[in-house]
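Contents: one structure, followed by commentary.
Note that the chains are named A, B, C, D and E in the order they appear, and that numbering of residues resets to 1 at the start of each chain.
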Amino acid sequence: MSVTAKIRFERPDFVLDAELALPAQSISVVFGVSGSGKTTLLRSLAGLESHTDNRIEVGGSVWQDNKRTIPTHLRKVGFVFQESRLFPHLKVAGNVRYGMKRNGQDPSGKYFERITRILDITDLLDRFPESLSGGEQQRVAIARALAIKPELLLLDEPLASLDLASKQKILPFISRIRNELKIPVIYVTHSLDEVVRIADWLILLDSGRVVAAGPVNEILTNPDIPLMFRYDASSVLEATVQERDIEHHLDFLTGDGYSLWVQSSDQPIGSAIRLSIAARDVSVTLSHAQDTSILNILPAVVESLSPDGESRTLVVLRIGSQLILARITSRSATLLKLEPGLAVFAQIKGVAVIS
Amino acid sequence: MSVTAKIRFERPDFVLDAELALPAQSISVVFGVSGSGKTTLLRSLAGLESHTDNRIEVGGSVWQDNKRTIPTHLRKVGFVFQESRLFPHLKVAGNVRYGMKRNGQDPSGKYFERITRILDITDLLDRFPESLSGGEQQRVAIARALAIKPELLLLDEPLASLDLASKQKILPFISRIRNELKIPVIYVTHSLDEVVRIADWLILLDSGRVVAAGPVNEILTNPDIPLMFRYDASSVLEATVQERDIEHHLDFLTGDGYSLWVQSSDQPIGSAIRLSIAARDVSVTLSHAQDTSILNILPAVVESLSPDGESRTLVVLRIGSQLILARITSRSATLLKLEPGLAVFAQIKGVAVIS
Amino acid sequence: MSEADLGALFVTLRLAFATTIILLLIGTPLAWWLSRTRSRAKPVIEALVALPLILPPTVLGFYLLLLLSPARFPGSLIYDLTGYSLAFTFSGLVIGSVLYSMPFVIQPLQNAFSGVRQETLEVAATLGASPVDAFRSVVLPMVRSAYITAAILGFAHTVGEFGVVLMIGGSIPGETQVLSIAIYDHVESLEYAQAHTISGILFLVSFILLFLVYTGKRKSGMMRL
Amino acid sequence: MSEADLGALFVTLRLAFATTIILLLIGTPLAWWLSRTRSRAKPVIEALVALPLILPPTVLGFYLLLLLSPARFPGSLIYDLTGYSLAFTFSGLVIGSVLYSMPFVIQPLQNAFSGVRQETLEVAATLGASPVDAFRSVVLPMVRSAYITAAILGFAHTVGEFGVVLMIGGSIPGETQVLSIAIYDHVESLEYAQAHTISGILFLVSFILLFLVYTGKRKSGMMRL
Amino acid sequence: TAPVRVSAAGGQNELRQTASHQKAALRIAVASNFALTARALANDYESQSANRVVIISGSTGKHYAQIINGAPFDIFLAADTLRPALLEEEGFIDTGTRRTYAIGRLVLWSAKSGIVDEEGHILERLDQYRIAVANERLAPYGVAAREVISGAQHWNQMRDSLIRGENISQVYHFVASGGADAGFVALSSVINRGGDAPGAYWIIPQKLYTPIDQQAVILRSSLAAIDFMAYLGSEDAKAIISTSGYRVPQ
């Protein structure tokens, strides 16, 4: 189920004008400053903004065009709102089951158990929403949306008020859900860092306009994208698990023209996995350092350099056929005399590589 | 104004039992998983939970003991709630001015202008809250609480739904407010990373109990604190600005037995500043690397090693008289044969040092 | 209580139940529409709903009598079509009471409905609930307490109703004589003792009923909007 | 409209205004208390407030007459203290109307107050607003529309009130003769034309008034709870 | 006997009459002031006849409005002569059945002692008291009271301070409650309380006011209705009526 949409929506002070073509079975991250129209985009896809002039097609069926509009309740869209919006008159279990009953899910079957367990709300099932903490409410809202097995999953900053442990549990689950249901997921967040590891696609919004959209790595390594999106600049690689160091819980991966040690993913040997490397975790040396705690030191070629703020430089490095980003001080760039074409070594802190 | 408090509050499933002694004019960060009682702690300090058996003293005056309880509205406490809770019947300007009028602030004076400018809500002053985006609402709520010039500032995940640019603008402002008003600030967050640069004090909460509390660096470099708090382990240093590289916008700092290049803080030469170094940004080498983009390579001595998850090791390093943390793969620790007392070099990515 | 009074009690209860149920049934869509619409007709309808309050009940009853009378339109039309006159029948009483007690049911419902945020309905829609389903499964439980208020006001007002019923009912025992008129008759015929008895019973029964309803409301009233 | 009818109109308006204002004044704290308390007395008070609805107004009026009469307690006490009897006076009418219209004011207010979340009051407190200040500056503006409903119901019900006034008023021109009784008199004395005229005027004036109120409510009604 | 009335609502009345024929309960609309007496009459009548009687009490004005709008009453015992005459004019009654069945007697009653005596001295100082009367525009007793007050030269200064009831029952409540010092009520209301109405009353001489004739009519003719009207003129009925405080037509 892929998503193609052309959305236009006007408010007195604000115009959303976006065209999307998202691959099937993918996670697209929507990124943009406060007020740039992220929520409005999601609402339009769900059919919650009226008076829009949209064309929305999901998995081959037309949800909206100038002839007809399928109402929200027939769209099978899972929506986690920015605020949790739980039903105050239903207990936690009732909230989660509400959508299940209406979408042909067994409201007390295995799936219910799985979801409530992963979102760690099994102890809360009998409580009313008003007695939950902020993070607890948010987890219930996520469970409720996932529980309907939607055809399109829309998440509006779902993990903003959650602790890291929860995030680390829920994010991979969302990724798995996408694969199991083979659905597109659209995920709004301010923390690229947190999501880049599961994202396939990236949409950058600014003042209601799509500034850039495409596969994550293409966007992240494109030095032309506006500065404000690059605070957390990072890049994404594909690789295959080759062998395993069980004692140190590390995997040895190879990609197209490079190899890396990473924290073990526990995937079987031979499986393909994805890596995300934050630009800040990459340093550049002219010679191959010895005796360092940095496990991964790869030969690379400088592709381009661009200033990043007052004191820093963003360096695009080619490793094999892949591009990755390094963020270094401009002083270092000067000292090392970096310039396009120069052969260098990219030092990647092993611990920063995530599968 | 320092804060000493002894708080005990019981719910059917939950007991908060916390003792705090926070320094005056400080920012204390409260950290803990979802449901650990952070919000409840803040509410108790503000006098919003009744039937508590508390003793709260702020800046020498007793807010609550077993004899009397000063009601919330006389406590002069600025509270940013987890949800924004704006008054729906007042415009943005009205919301911000509401508390100013009641706390002797000029509701349209310089301070109002300054706050609305820094929170970037000047364009929204004439709008009703229901027409604001999530992040916009949150910024108004922050402005409203800061505007009263409180004697104690309580912030419950205030920046959770904000983009990085806003965060980078608001965080230093909170830090400045603390200095100007000389008040204690208590700040709940799930993102240590984001706040450690302004925090003076750290309180770790687990199931309603204070697991650890103390100056940031003491807590962060203590390898005994529970694992769950260490995902974002980092350390904090004090140093003095010595000279400036204007071309590269860098400052040269010296601390007790070490020196560093950092992104320029624009503070006058000679001023004292604080640095926070994330453990993930520190790598360890046995020899001093050459030709590297890493600007700061400091001689250090391994103090202790502790396992950190399955594949990683947290290394405490002594640099001069200061302790800092390095997170490396266990494989590297083995390869480099790290052990307490070993002389090594700490490579600190220049860009990761923040003032 | 005499047999006639018991008959009046029975008619009263039937009337109050019928009126309350009809009012809840027609009041629900009307109040919902009023709470959501941006139509210009809204204030007109709202004013019309509140109007019966303004006229003294006996006068309202007088005009209703003119309306329902088979002697002229529109009562004559109904009579020609159905062979049935509404004046001085139980059905006529129900019509009168429905009109007269309408605002007491519409207004609390409309207020409560206005308090249900659009956001809540949006969530229900994303979870697959059609508007009707969402109304039943989300709105209704959220405004339960307004329904109790509406039902109590409607019921009580019908029980205490008097002027309208007096006029269009004709107080025919067993058919249109309600308790309020029975008490009134006792008072008018200076049978104070009987009046005191029935009033006392009515008061006590009402008080207990109301007390039970309000206690129930309190117990289940944890969930707010 | 005859001079007598105009006099009655004037008395009616004075009565309705006085009653509405008094009801809003005493209804506000009572409804607020009812909406916040967890006291066991709550359902008792709620039932008592709703009770006047159940009794036919004339009967209620009859009992009020017994209460207010200077011949026995408690009317005698008032008479001894003030040298003033409340029966057949404007003040007596106001007392009767206040009692009788009480539920129509209390119930909408209470419902609206219950919809104001504790959270909102907490914010106001942290911003330095005392409970009274918060009530004035936050609660009142948030429940404006319930106040309009309460005022309309209370006012209209007093204008249309009849039975109670009939009993304790004594129809003294300029003092206790109200419009509803005037219309009733016209109907009773077969002066149908006059009855039609006054009713028509009353209807029209009420309709326009209600329409204006509801239009105003719509315009300023953007802010929801 | 077939119904003989011709009226706008005649046809419908016929229809309903046949429909309700089986019930055979006579519906008698009675002026409130006469309701108690009517009930006594009904009991007596039912003991002598197989017919059942249902008394529907109310104000005469209201009954009039209901009758012209099709109310299903068989007999109307009005409080005055005006409404029955109007109904006759408009063709709503069985012609020729209108006649006076009782003549009301006015008393001035006070529930307190020392205000009213049996000689009627109160009449001279009437303006010193709060006096309740029935509304003279609605009730024949009110008209009579006005004549009495006018005769004593008090009307002009008292007109606007009189406490007015819609009917004499209300006047009775006003006086009984002590809210009014005294009031003009029907003799029937004070003596029907078993003679133990508190205070004292003065039976006002007939010469001070126009007789209060109360008339009865048959609205829908039937054997039972005719039979009851006949009973109303019987000596048994007259005895009950006069012990209830009315005079009976000779």
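Some points to look at:
We take it that a contact is a pair of C-beta atoms (placed from the backbone, for glycine too) under 8 Å apart; a residue touches a chain by one contact, two chains touch by 3 or more.
This structure is a prediction, so every number in the text was calculated from the model and none was measured.
Under the touch definition stated at the top, subunit B and subunit D share no contacting partner at all.
When you average the Cα atoms of each chain and compare centres, the chain farthest from subunit D turns out to be A.
Of all residue numbers seen at the subunit C-subunit D contact, over half occur in both copies; the interface is built from largely matching residues. Work out the mean CA point of subunit C and of subunit D, and you get 19 Å between them.
Each chain gets one centre point, the mean of its Cα atoms, and the points for subunit B and subunit E are 91 Å apart. Separation between the centroids of subunit B and subunit C, computed from CA atoms only, is 60 Å.
Chain centres here are Cα averages; for subunit A and subunit C they lie 56 Å apart.
Multi-chain contact residues, meaning those touching two or more other chains, occur in subunit C at positions 58, 62, 187, 224-225. Chain contacts: subunit E has residues 62, 65, 173 touching two or more partner chains.
Chain contacts: subunit A has residues 83 touching two or more partner chains.
Checking each pair of chains for touch leaves A-B, A-C, B-D, C-D, C-E, D-E. Within the complex formed with subunit C, the residues of subunit E that make contact are 8-9, 12, 15-16, 27, 32, 35-36, 39, 54, 56-58, 62, 65-66, 68-73, 167, 169, 172-173, 189, 192-193.
Contacts from subunit D toward subunit E in the complex involve residues 62, 65-66, 68-72, 75, 85, 87-88, 166-168, 170-174, 177, 181, 184-185, 187-190. Those residues of subunit A that touch subunit B in the shared complex are 32-35, 39, 82-83, 133-136, 139, 156-157, 160-166, 190, 228, 231-232, 245, 247-250, 261, 263-264, 280-281, 283-287, 289-295, 310-312, 326-334, 336, 338, 347, 349-352. Of all residues in subunit E, only 59, 61-62, 64-65, 83, 86, 111-112, 130, 132, 135, 137-138, 160-166, 170, 173-174, 177-180 touch subunit D in the complex they form. Partner subunit C is touched in their complex by these residues of subunit D: 42-44, 46-48, 50-60, 62-63, 103-104, 107-108, 111-112, 114-115, 117, 145-146, 149, 152-153, 156-157, 159-163, 179-181, 183-184, 187, 195, 199, 202-203, 206-207, 210-211, 214-215, 217-218, 224-225.
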